[in-house]
Amino acid sequence: MIQDQLKTRVVGVDVNVDKTTCAVVDIRGNILGQSDFVTSNYNSLGDFITMLTEHIMQLAEAHGGYENIRSVGISIPSGNFRTGCIENAPNLPWKGVVPLAAMLRDQLGLAVALANNAHVMALGEQAFGAAHGMRNFVVVSLGSGMGSCMFSNGLVHLGSNGFAGEVGHTCIKPGGRQCGCGKQGCLETYVASRGIILTAQEVLEESPEPSLLRQVEQLNPKIIMNFCEKGDVLAIEAFRRTGYLLGIGLANYASVFNPEAFIFAGPISKAGRWLLEPTSESLEEHVFHNLRGKVKLLLSSIDDEIRNVLGASVLAWEVKEYSLFK
Amino acid sequence: MIQDQLKTRVVGVDVNVDKTTCAVVDIRGNILGQSDFVTSNYNSLGDFITMLTEHIMQLAEAHGGYENIRSVGISIPSGNFRTGCIENAPNLPWKGVVPLAAMLRDQLGLAVALANNAHVMALGEQAFGAAHGMRNFVVVSLGSGMGSCMFSNGLVHLGSNGFAGEVGHTCIKPGGRQCGCGKQGCLETYVASRGIILTAQEVLEESPEPSLLRQVEQLNPKIIMNFCEKGDVLAIEAFRRTGYLLGIGLANYASVFNPEAFIFAGPISKAGRWLLEPTSESLEEHVFHNLRGKVKLLLSSIDDEIRNVLGASVLAWEVKEYSLFK
Amino acid sequence: MIQDQLKTRVVGVDVNVDKTTCAVVDIRGNILGQSDFVTSNYNSLGDFITMLTEHIMQLAEAHGGYENIRSVGISIPSGNFRTGCIENAPNLPWKGVVPLAAMLRDQLGLAVALANNAHVMALGEQAFGAAHGMRNFVVVSLGSGMGSCMFSNGLVHLGSNGFAGEVGHTCIKPGGRQCGCGKQGCLETYVASRGIILTAQEVLEESPEPSLLRQVEQLNPKIIMNFCEKGDVLAIEAFRRTGYLLGIGLANYASVFNPEAFIFAGPISKAGRWLLEPTSESLEEHVFHNLRGKVKLLLSSIDDEIRNVLGASVLAWEVKEYSLFK
Amino acid sequence: MIQDQLKTRVVGVDVNVDKTTCAVVDIRGNILGQSDFVTSNYNSLGDFITMLTEHIMQLAEAHGGYENIRSVGISIPSGNFRTGCIENAPNLPWKGVVPLAAMLRDQLGLAVALANNAHVMALGEQAFGAAHGMRNFVVVSLGSGMGSCMFSNGLVHLGSNGFAGEVGHTCIKPGGRQCGCGKQGCLETYVASRGIILTAQEVLEESPEPSLLRQVEQLNPKIIMNFCEKGDVLAIEAFRRTGYLLGIGLANYASVFNPEAFIFAGPISKAGRWLLEPTSESLEEHVFHNLRGKVKLLLSSIDDEIRNVLGASVLAWEVKEYSLFK
């Protein structure tokens, strides 16, 4: 069967609580076109799928045509790659187990793959980012929560039930801070957004020193970072403590897994050296001695704006082509 | 090339500080013959290799002949599978980096593979033991130290530098007990032999209660286990505390890796339910909620006597056949 | 979750046109018990599944109990591992696409895997037979038809649609003998049973020499082999011609695939050196020069009686455990 | 260890008999700069390596600096990926087994990988070309010779000795045309350049019809293609016969391997439909019936000018980073 036209484009979709973004992406990771809509306007699943289908069809037509689109990849919270379902996403409007991949495939007539954000980020970093050429590495996402995904022997590691990567819920302080997951002392309660704010408040309470932080009513990590840049000693101390605990958490991860690198993405990773330096110091102190100086700490080299749709485009290539019409 | 005779046997070797054991093993894991010698009688590397070669040759001749031996696998502390070297083994007489696999191959004229004990145990459990049929699992060895090896996607995970699996040196209590590795609070300092004894002593000091333990001059884990069987409350408490911390360590491992099972081997695993029950309770308490009730705790189903030579025989099949004589 | 009892046995099933055999097999490939029934007595699929379920349940109870059976593997003509279906088997009574694995799973409450005979044989040879320790090899089954299965990089190669391995239908003589598949000159028309008989008849017609073959009304490969053993020149010539063409077919296979070995099983492989010697000669003559002397020809080292159920037991371990009751 | 700068570029090198081309390539396959020199001017291996080193260093400096180059990949005839050696290349000036990768690494202080052309082409097509998203496919190179490389389960298949892919030396006509390899009837003798010319001459001799071909003293495939475009019946017939045999060769390949596609590159593939149509027809006629209509025939979607250096750049990422200086 001589095949004249090869499908050379995919659609990457990033669904998050606020916004859903679709992009047409070519084989080399070039974003050819992009559009988005407000996720929370579509609390009915049917309406959401209709809207998503429309956006994808319009984008496809505007950038080479539907017949040139090979498949679709979706990054979505609580997405399970193995089943193609969203499974009990706490922050999305659609409850329970939702077979989004199958439903969208039937609408579009195209193969659809779906995965959670850390998985998609890891695919993106390996294909086009900081992990290119690495076979054993970990991508860590730091923001309002903390997630991770690792590659082992060049393959994504999803674990026996597809739940691997919950480093944010490893216990870093037995009996420590209360986590939303119900447990205490989870790493996430110290190094994700709310944890950093809490740590800054503790630093302020413990110290009599003046600080720019004292003038702000509603702290957030970005403000604290800005004050670090201005040399605020207590802001720096807040990130130092954060990095210390993050370093222990990652040292434990590294001692067991021996990755070539941890690659950070997400808003908190913007703290740059204020976070990375104490993290690195603590990691080196706590990691198994044979690994000292061997595990790289890297920032994602992909732009925030496109990281998720780019990763989702890589995911799209993982499924076989499919057509309802043949 | 018609090949009449297929080589259907391998030699598995287990080198530990005290004793070196060699066995001829067939494809199905039957031990056809076995012999051993005292490792520490051969502090010169040359003498050790000569002795090992002699034992292997005699065993081979006694069980089907040298020409029927395909290859040799060695389980050895600090063995690096990728290089075939022993690398800075703290307790073996031969210092530095020793290319044992290459040296033995040149003596025997047979392919030789070498790996550390946890790696070899994992191969053995997958081929013939509790992990048969599993693709993502962890083998944990508990004795004078604590080591582990995991499989990911059906493949052994050695990590970027071959040092993966050091769960014994993950930090379970920041600022905790001093470990021989130089760090503080390593899991091993609580759950390996000396750690359990120390915990028992702490329990005795803290409690006014009577205990059989108080009558023993030199405690060891086996004695403590025996007293558990007799219902000694403080002995049981010592294992309860041990299991609590082991449960946290394994919960963190599981939250990141999502293995189907942890499979325990080594002398401490003999504590059975005195250790496993509090471990399981603590693991369920500390693991990421999606994994509750999902991670199995298993004891190795292979006899202690043959576990290492059997695992080493599986390793022997991982190398290509080789002969000096063709 | 502490798991006390590990399931250490599986059931291997071999369905062929005449007979269906079930066996309980342990991790090391020991057949603990076996029973069979006449396949063709159960032309209704429902009756067949009922009978198969009964045999499996009785065997299980007789050998350690149902609760000790982990899963079931089935070797069946036209079995597709990826779908668990029999797909258009020409010689079985159940037509079309039959989801046998799912149907049996629902009866038994156990995970069921299914594959075609060559696939199952390759698994068996790798686990317990001549291919143990090999990463790139081919298993060739020779009988009334010719099938094959290859391993690449240690993994079974099923191809893009699951139809890999049809070496029997490679064209060895453009415009040659008519094959049942509709094409002409297929390797199978020369080297499978009917092909060998035809070749013997051609030899008899072409030659004026006396031959034991001339006294037999209904030739079959076994008779021809027997006459080879008695030194019958024309019988030997029939196998020489067969081996010559088989050697070309396998040389082509080897030049493209570079396997470590071809491993033969099935009734025709019983011809031993009468077939293998001319095959080897022809293979060496026709294979790419760099591979001369490098590709081994081996006979299966597993007994005919148990080859298929043993391979099917290996297959059984490839599926995840499953229970209807939890 | 915080790593500020990530190395984001590699050098791809294509060595062929006439010309050696070097290119700096980024992660997404963009060629940033390129230079070449005449291979045959450097018959001394030392001189060649010196020249190659100079070109690479100059290119690196001109495009982001040496410190930004991660590694080097080389496409070279008779290159063995596993050893890093050129092994007995018939047409290159350096005889025997030449450890080019190690020698160049020592000159450059960078990791160097090396492979034969078909292997490199397959990597390129998977990363950036027609095979993107495929897990089982074959790349076929057609020019003065015929080579191939296949992927199985998403991994390159090199075979037991690294010699897989010699489809050009599969026997398509027992007793047929004499091949340079010493055998008769190799597919290459019919479908590579000289074979096509020979076929055209046979067609001319057999037919009394007029043809543009009769006016040309020294035929070559390009001329014959041009005459096809002009409607020359005998030129078309020459390609028809070529395609018929190519179709049988590929049908045999497909029946055994079941690839998703054959992807053609090299000068002969320029014949386009004059070759592909009869090839496709013959393939469909000769392939195992279950595969009819299932195997795609595709032309490489990468420009000839950059195919090899692009593929070599993909190869460069397969080796670990390395530096002489740390």
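The letters A, B, C and D name the chains in turn, as written, and every chain counts its residues from 1.
Following the convention adopted for this analysis, a residue touches a chain if its C-beta (ideal position, glycine included) is under 8 Å from a C-beta of that chain, and two chains touch if they have at least 3 such contacts.
Being a predicted model, the structure only gives us computed values, none of them experimental.
Averaging C-alpha coordinates per chain and comparing to chain A, the farthest chain turns out to be C. If you average the CA atoms of chain B and of chain D, the two centres end up 47 Å from each other.
Centroids built from CA atoms put chain D at 39 Å from chain A.
Averaging Cα coordinates per chain places chain C and chain D 36 Å apart.
Counting partner chains per residue, chain A has residues 294-295 touching two or more of them.
Taken together, the touching pairs link the chains into one ring where each has two partners.
Every pair of chains in contact is given here: A-B, A-D, B-C, C-D. Contact residues of chain D toward chain A in the complex are 1-3, 6, 8, 27-30, 70-71, 128-130, 132-133, 261, 273, 276-277, 280, 284, 293-298, 301, 317-318, 321. Only residues 134-137, 148, 150, 152-153, 155, 157-167, 169-171, 173-174, 181-183, 248, 251-253, 255-260, 285-286, 288-291, 294 of chain C touch chain D when the two sit together in their complex.
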